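Structures follow.
Next, two complexes with chain A in common: one pairs it with chain B, the other with chain C.
This part shows the complex of A and B:
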């Protein structure tokens, strides 16, 4: 009965998952089907979401914002990961530490730092104004742009790490083989390096995109009135309006969206798998 | 296909001169092995030929044209890497087609060329497989097809067989030789395996500490090694070193510093400092009682005869030195037993006079 003994080691983790993830999730799922007034089982919460154009529009703009953050993160993370893995191998630890500092920073500290940095009279504005680039300040705080900046800073390091790992694993002689067969540097990147790093890119995309969809701290603090996203709506339902049933319903719509995107990214990543 | 010339080729890493003013000319269609221990500069030489490394001094010429300013992707080389470096996300067919696509060859012409290359290496049936679904030997064949299909001027192989197990390696050596003879492309083969170098090449270049120690046909390099390094690196050798005190008819007496020994040898004069090498397979072992009359040799005791299949080896201890003998196991011989008193000798011409 050796097998059972070994599987016993997974019980604590299983118990944790059951008590603190699965059961709460099921409770919330049940909550989302309860009527606010009567407490009876109903679909009205979901109906409310799907029949109100504002929520649909908000979902769309949240998706768009998350996509933008993901694309910007990819544009920043890929070159950085590439340089670390293939060019400045000696400096890779320095770059890695600098990159993952946001990991170790408390979320609120990080977000309020951006607040101070971006606000009128903040460093960025003064810098631009001193060069005469913006007369009345950039007015960047409390816009969608500020939210995108904050979210990108929070999540792009994950992408650096996943892409770095994919590139690090890759045999350098593949690049040399491509060159020896007559390919230019660009073709080598396009047809060899990038496709081979694709699984890392896709897990990076997932790891950035998914938390962006549910984010509410950055949108609220850096976006102000312009920072309303699905995440802040859910938070408001729970903490301001005490509309748990409706809040839970929106949360599960978001959850379904997340599952759909994860499935799609996963499938896309598998297309490039080498096995 | 090209004639390749290396002129004073040099590569320096920090304080280390890895490749030290190499001079080499290789005629069109020749199969050259660059043989040497790890760190001798053979791989760096190959990488300079390919264009992955730039020489610090000297130059590489293809057909008497310097290629120093020609980047890797325009140099017209084909390379088979130690790890094969097949593109893992492409099929066998796509891997082989890759080089042709870079050359802007029309689509309809690519397929027949790829299939022909795959047939040459007996891999046509595997065209739609991914590299991960192939064995090491099969990957090796695809890598070779990929390098050959672009009709390179020079083919470079970097320790390309060393990852295979012994049996497969020997099989691939023969196969490689066949394919390379068919394609008649100038080939450089880097290896540390002397047997492989012997099997595969027309010419062996023995490298040591960034310099070429000797260059010649496999037979020349093995039978007429120039110096101790070459004699020792290619096969095994018994060395006799010292000052000649006396010479006779096919005999030379050497003062080794410890003692005076007389061995069968030629080509030395009294007073000269000499170094002789004798290949173990040339050393004949006689039981003391059967010692042939009037022959010069060395007395000693044999530790024991070790049967190794095709050969039987025996180390003879003369008191001051040990002499290795390798005998054909097929020859009829009585096992003299442990610590038997024996007499070893060889023909004078089998003692090869070496430079220091």
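This part shows the complex of A and C:
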């Protein structure tokens, strides 16, 4: 067999994936079937998850929260990406850099900045008070709203980048054609621009939604007593209890959910495109 | 566009995401009670006897200044190995070979397992010249005693998790742990996000045995009621400091060591082990069965519980001393800020060993409270 030079170059990356993604995943998958008491293979960890309504409910509320963050991110990101791709010339690189800055910021620094910004007596609070809009504390920090704000800020740049990439490579003559055939601006957007940007939208949705599902730092720090999500439950299992078996089982339930949603988003994106 | 463009954009975007999300995160929980850092890796050049100690990092035995006298008097060298957790120490004890560990520092949560597993050497307390200076409670610390009535470990340092309060806003020191469940502090309470502390504290408030609570349903109900009274649950000591310093909380469940440190930093913080109790921990020195330097190890333990060493360690930001004479010598203000007195000590319930099943059960209860 002839060794293909090009494929040989991918071996280091493949080896990395194998050693640091696939094998650890398989180890954790096996762990999720281990019994706490006997160490033998069992389904009890999964049974515990599915028979305790609390975990189902918590997963549901985490899903809803992640969807909310995704929708808000989309509403913020789409106009920005559109303007960057179609309306701005030189300025768009500046905006792109500004959008990407949260990426460069350490997660804990970002979260603690929000904490200081949102807390009672914090910057936002004082701003509201100076305009007479609030009398005492705003009480935003340590609520679900604070978590949604923190997560949106952390992840919406991904959405901007993916949508921007999709819109950037779209042929502008399609818009001109649509307009010259008498379509209104709204029709052009609805029937031409948006469908073409759909792959970007859907990958943006995936990239925002998936990490939200597993997030635990933002909920823990910004959510306070209201910050319990499925991610913090997994974290507690691993770090408070050393309960790897059950922790791994919850993580794989979440992983399955992620795969289902990725499949759904992908299918949605493709359907839109082919229409 | 082709069908696969969704995948292409996704892969491209993921690549971008991976590139940019270089930041890693972790909850840093430093050793709150540590003092100076010491370099333990130094190898001796002479043929001195080596005493192998397993301990927390920055926890007394790696403080060169503190160890100097012992090393000189006994012409030996103390070699520290650090433990990551109590479970880690238990594993080390089970797997270490002969002569690998001479002294180690188990707390009450693993002592019963270590004693039952026949991993520790009984300690002849009559050979410890400083033993009689220990607080009475520690002379018969029940977790240190085996079924045969012999002592297998000697309490060295201790501390508590109890009530911290803002002395500017709370004029009278709280006398009951129920203050953490009191409507009058609504929105000004910071409870700790920890299943063990949460359940033990609620059990204390309900008058149940914190180590073997009789009615978990009542505890859950109380914690659910308490939930809305909190500003937030804190998890790292740093979180608590920030909440306290910015005046957002008036009372909270807190560690004695950190309260004392915060007071030293000028915060208006008071710390009490209230009359109905608090949660305690105690670290004990023990000698593994397979130590090859048992005589020297015993001398070392005697040195570590001596008034002088204990005083220096504790008053230098360390935890509370088990030696009563050392405790009495400490600056009263500082001792009070960490509740190092005997009355506080006698009110504590020390955390005991719990099996995995109980841990899961308690954690489930706490998760249900948090998730509701």
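Definition applied: the second predicted complex is superposed on the first by the 266 of 275 C-alpha atoms of A that agree within 3 Å, B and C clash if a C-alpha of one lies under 4 Å from a C-alpha of the other, contacts with A are read in each partner's own complex, and residues count from 1 in each chain.
Heads up, the rule we're going with is that a residue touches a chain if its C-beta (ideal position, glycine included) is under 8 Å from a C-beta of that chain, and two chains touch if they have at least 3 such contacts.
From a predicted model like this one, the values you see are computed outputs, not experimental measurements.
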Clash or fit (per the criteria above) of chain B with chain C on chain A: fit
Which of chain B and chain C A:15 touches, first, second, both or neither: neither
First, second, both or neither for A:196, with chain B first and chain C second: both
Contacts of A:187 with chain B and chain C, given as first, second, both or neither: first
Partner chain(s) touched by A:25 [first = chain B, second = chain C, both, neither]: neither
Superposed model, chain A: greater residue contact from chain B or chain C: C
First, second, both or neither for A:91, with chain B first and chain C second: neither
Touched partner set for A:177, first chain B, second chain C, both or neither: first
Superposition-derived minimum Cα distance between chain C and chain B (Å): 6
Chain A residues contacted in one complex by chain B, in the other by chain C: 196, 198, 274
Contacting residues of chain C [partner chain A, same complex]: 1, 3, 5-10, 12-14, 16-17, 20-25, 27, 87, 193-195, 227-228, 230-233, 235, 239, 242, 246-248, 356-357, 359-360, 363-364, 367-368, 370-371
Chain C-facing residues of chain A, complex: 36-37, 52, 54, 57-58, 100, 103-108, 115, 119-121, 142, 158, 161-162, 165-166, 196, 198-200, 202-204, 206-207, 217, 220-221, 224-225, 228, 232-233, 236-237, 239-243, 246, 266, 269-270, 273-274
In the complex with chain A, residue positions of chain B that touch it: 50, 52, 71-74, 77-79, 81-83, 85-89, 98-99, 102-103, 130-132, 146-147, 150
Complex contact set, residues of chain A against chain B: 171, 173-174, 176-184, 187, 191-192, 195-196, 198, 272, 274-275
